[in-house]
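A quick write-up on the structure given underneath.
To keep things simple, chains are lettered A, B and C as they appear, and every chain counts its residues starting from 1.
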Amino acid sequence: MSRLSLPRARSGSAALVSAVAALALALTGCSSDEGSASADGKITLTVGTFGTFGYKEAGLYDAYMKQNPGITIKENPTTVEGNYWTALQTRLSGGGLDDVQALEVARISLATSEDLADAFVDLSDAPGVDKKDYLPWKWDQATTADGRTIGLGTDVGPMAICYRQDLFKAAGLPSDPESVGKLWAGDWAKFVEVGKQYQAKAPKGTAFMDSASGLFNAVVSSSPVQYYKDGKLAYKDSASVRTAWDLAVKAVQGKTSQGLKMFDTPWQTAFSKSTFATTVCPSWQQANVQQFSGPGNKGKWNIAQPPAAGNWGGSFLAVPASGKHVDEAKKLVAWLTAPEQQAKVFQKVGNIPANQAAYDLPGVVGYKNAYIGPDAATGLIFSTAAKSIKPAETGPRAGDLTGAFSTGVLLMEQNGKTPEEAWNATVRQIDSTIQ
Amino acid sequence: MASTTAPSRNGSAERPDTQPPPARPTGPSAWRSRLHRWDTKGTPYALVAPFFLVFAAFGLFPLLYTGWLSFHRVSLYNVDRAEWVGLRNYEDLFTGQVSHYFWNALLNTFTLGVLSTVPQLLIALGLAHLLNYRLRARGFLRTALLAPYATSVAAATLVFALIFSPEGGMANWVLGLFGAGPLHWEAGRWSSQFAISVIVTWRWTGYNALIFLAAMQAVPRELYEAAALDGANRWQQFLHVTIPALRPTILFTVIVSTIGATQLFGEPYLFGGQSGHQGGTDHQYETLGILMYDQGFHSSMLGRASAVAWTMFGLLLLIGLVNALLTRRLRASQ
Amino acid sequence: MTTTTPVPHSRHRTAGRPSARAGRAGGQHRAGPLAHIVLGLAALASLFPLYWTLVAASTDSHAVVSSPPPMLPGGNLFKNLTYVWHNAGGRGMGVALLNSTLVAGAVTVSTVTFSVLAGFAFAKLRFRGMKVLLGLVLSTLAVPAQLSVVPLFILTKNLGLSNHLGALILPVLVTAFGVFFMRQFLSQALPTELLEAARVDGANSLRVIWHVVFPIARPAMAVLGMLTFVQSWNDFLWPIIVMNGSTNPTVQVALAGLGTGWSTDWSVITAGALMGTLPLLLVFALFGRHVVGGITQGAVKG
């Protein structure tokens, strides 16, 4: 029992060696290989996005890979921008970024600030990029104090209202875009009033709007002064924030909102269940309307002019400086944001280009959306609105503020808080996160 | 190594291969005995070294580093720049801007802890008692009860989030069968905490039941026989024999569950979807773990997150102290 | 390693109580129908959510949220699984499964190995400072990793390990629980005479460990390995911090991405949950009995 024979000893040490080797292999072999060139010289570029950028849908990745056989593109999508940003800021600090990262307009001020600007490369010298092509204010938003442009505009968010023709009809309201637009022309307060009319004769189980936080955002977005003034955080004195808040309160109290958390899964489900009649439609929202409502609801949505014009959202593509293939990534970003490609994205999912040269291409202004309307003249509606956008001042915490106010409205809708409690909670939230 | 405990046997030269023949020169022998001494003295330390190295590098050092960070202002965007702020972070937590959320999170951690551990341990105890009978399909029942343990926090929470979803969730359908609801589970303070407790309880009850079962099986049969002779029925036997015999095990599971409850993170984080990072729109199920994550990795204030971590550390020390006192009293009473 | 290696009846010794064999206390009673019903209901409650995951994952975005909820599997299981396999977390669930296997595998091998070594030293060797060191091990049992994530994050960044699986492996190469678990087992299961005999044979420490300690520790290694693997596979907080949104995720990070707004469709989300759980359930189906035994062994020491 106690005698240990030699052969066993050898097999034993062999096993030990193999175990250690396996461990070493596991430790070293598991390095992330994304973005690195593989044995056959192919390069993989990863593109981190949120919401729907439409590149995959429009077949642009495939087209680019065909043109550049050495490149493979992988998209790393997140639906909700808030979650995307939380993950992104951690990786901006720690590392492990995608080769291309999308940035929402509410984050662009922070991304161009001295805290983060160095994490991204200058794209103004990317091959084929022409400053004149882009909407000037969009270009300026992504340019740092020392003149580096770290993001190229993909789309802007001119607003319209998407509404359900069938539900409007059932509630005894007009249903053609022109008459619908007239119902609330010029004033968001009228929009809330129409909501009350709708609710009085609403089909059972439906609400006029999806979310009062959507209304809040839309009202703020249609004002030239929002959360920042003269480089300072000024939301407490902002007239647009106050107006938007009061209207949201009215919408909640009039029970005209379904009280959903925008972009959350129940919100997405509600599209397919046809439980609300309107949603604020910045151009990028069309993709959501179509995707979440599903083929079964084709032709039921239509689009009308908003009470007041404004810009909600829109994005940029940026290239992190830490990437392994910065030059290839710059090339890809320049190509994706070029007029021809933006036009294709618009035709496929509805995001209106930030590249104004795209408006002159055939098939943009004249584009009609087969799902919405059907054949609503979305090209004309959104390109006209896009050109007239007067950008509001933004600031580093704009994204957090948008999030905090959406949550604040939700506190009334979902958690039964009084308007005053909800307002105080919102202020407390903002004060506690800005050090 | 074992030689120190039995020198006489080691010295007895019954095996020729351990004693070099006297004809050989002394060189290798001296080398060999030095090697042997090294082996005896050094090996124990070499064997425990990996643990302590790992602990020093990834346990102790980070713990102290957290303390240091908690007195600084550190932004997530620039982690290498720390600015000394003294007790500011702690002031923020206890009385300042974040105090509302801190005390709320502390209370939630407590209520969620109670909601998710007390029923869980009671149910586990009852199930273990039943499992201890002679049963049909014993193996199946045990494995079935343990199956949730193999499910990850993420998978379990996602599935339960669907069950408690306001749009077509099964929980509301069941409520509807009884003419109640629908409830917006996630939005309410108690309904959300109840739902989260259900997830925790579902995952851990079977595990704890098996732990209790093992302890029950170690209770000597004679105790039951003696109790039966005294006329105790099964319930009385359970109360007067099983429970006292299980006291150390119960204490153990209580401690483990309590530590687990103070660290609750994954369930509330994922249950809230978009607002999970702050434990719901109204912070209605924000725990201390969530608060730390939110302050550090959502609001990018790592110094403040460190202060939350150290406060939790203090709390755990407190729990440990209470536990030590309880154990001592338990021992004294025995 | 070989079947001839002596393994004492460690299973019975590990309970840590000489009277363990007297157990089955209540076992003398046959359970009545009520006990069977209650246990059956408990088993149902345990298994139903798993079954329902399968049902939900086999429906589509509309059916999964219909009322009454579907109770029988639909025909979309393969479609949803394929979708998740290719798309979750950017590079698909396949990468996540591979990453989790690598991480959990490496952590398990290393934890078990180092735990046996340290456990052996604490159980059977005498050395200066042993009591203090053992006390230290015990006290670290209660220090949760959660308290250290901020500096670990900074450390990881400075080591250049962000987004690297090494960041998930290094901090848990060996745990206090493992060391303590092995110490408890070996002090019961490893006869001192065996060590002495090996020593008399002229075996040095390395050989003793390899030929005596490891073979005897084998049943406990299996149990500790299983527990470690499950725990590592299911680890959440630290991975979500270093790997959040990464294209190189573990299963849990990929699932978190699914749940916090990656997908639009509950049937796809549940398909992801199913895929992330299946490997462990399979391990359970194969070795469930060992785990059950292991948990009961590990626990009684408390």
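Just so we're on the same page, a contact is a pair of C-beta atoms (placed from the backbone, for glycine too) under 8 Å apart; a residue touches a chain by one contact, two chains touch by 3 or more.
Treat the numbers as computed from the prediction; the structure is a model and nothing was measured.
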Query raised in the report: Can the chain contact pattern be summarised as a line, a ring, a star, a complete graph, or none of these (other)?
Result: complete
Report task. Using the touch rule from the top, work out which pair, A-C or B-C, shares more C-beta pairs. Result -> B-C
Query raised in the report: How far is the middle of chain A from the middle of chain C, if each middle is the mean of its Cα atoms, in Å?
Result: 39
Requested in this report: State, to the nearest whole Å, the distance from the C-alpha centre of chain B to the C-alpha centre of chain C.
Outcome: 13
**Report entry** Multi-partner residues of chain C (at least 2 other chains)
**Finding:** 65, 153, 157, 198, 200-201, 241, 244, 260-261, 266, 269
**Report entry** Where chain A touches two or more other chains at once, by residue number
**Finding:** 80, 82-83, 86, 90, 93, 263-265, 269, 273
Report task. Mark out which residues of chain B touch at least two other chains, giving numbers and ranges. Result -> 79, 165, 167-168, 273-274, 297
Query raised in the report: Given the complex with chain B, which residues does chain C contribute to the contact?
Result: 15, 17, 19-20, 22-31, 35-36, 38-40, 42-43, 45-47, 49-50, 52-53, 56, 64-69, 114-115, 117-118, 120-122, 124-127, 130, 133, 136-137, 140, 142-144, 146-155, 157-158, 170-174, 176, 179, 192, 195-196, 198-202, 204-205, 208-209, 230, 233-234, 236-237, 240-241, 244, 251-252, 255-256, 258-261, 266, 269-270, 272-274, 276-277, 280-281, 283-284, 288-289, 291-292, 295-297, 299-300, 302
**Report entry** Residue ranges of chain C touching chain A (in the complex, touch as defined)
**Finding:** 1-2, 5-6, 61-62, 65, 89-91, 99, 102-103, 105-106, 109-110, 113, 153, 156-157, 160, 162-166, 169, 194, 197-198, 200-201, 203, 207, 210-212, 214, 241-248, 257, 260-266, 269
**Report entry** Footprint of chain A on chain B - complex, ascending
**Finding:** 73, 75-79, 92, 97-98, 100-101, 165-168, 184, 187-188, 273-275, 277, 281-282, 284, 297-301, 304
Report summary line: Contacts from chain A onto chain B in the complex sit at residues 80, 82-83, 86, 89-90, 92-93, 115-116, 261, 263-266, 269-270, 273, 400, 407, 410-411, 414-415, 417, 425, 428, 431-433, 435
**Report entry** Residue ranges of chain A touching chain C (in the complex, touch as defined)
**Finding:** 1-4, 8-9, 11-13, 15-16, 19, 22-23, 26-27, 29-32, 34, 46, 48, 74-80, 82-84, 86-88, 90-91, 93-96, 98, 263-265, 268-269, 272-273, 291-292, 294
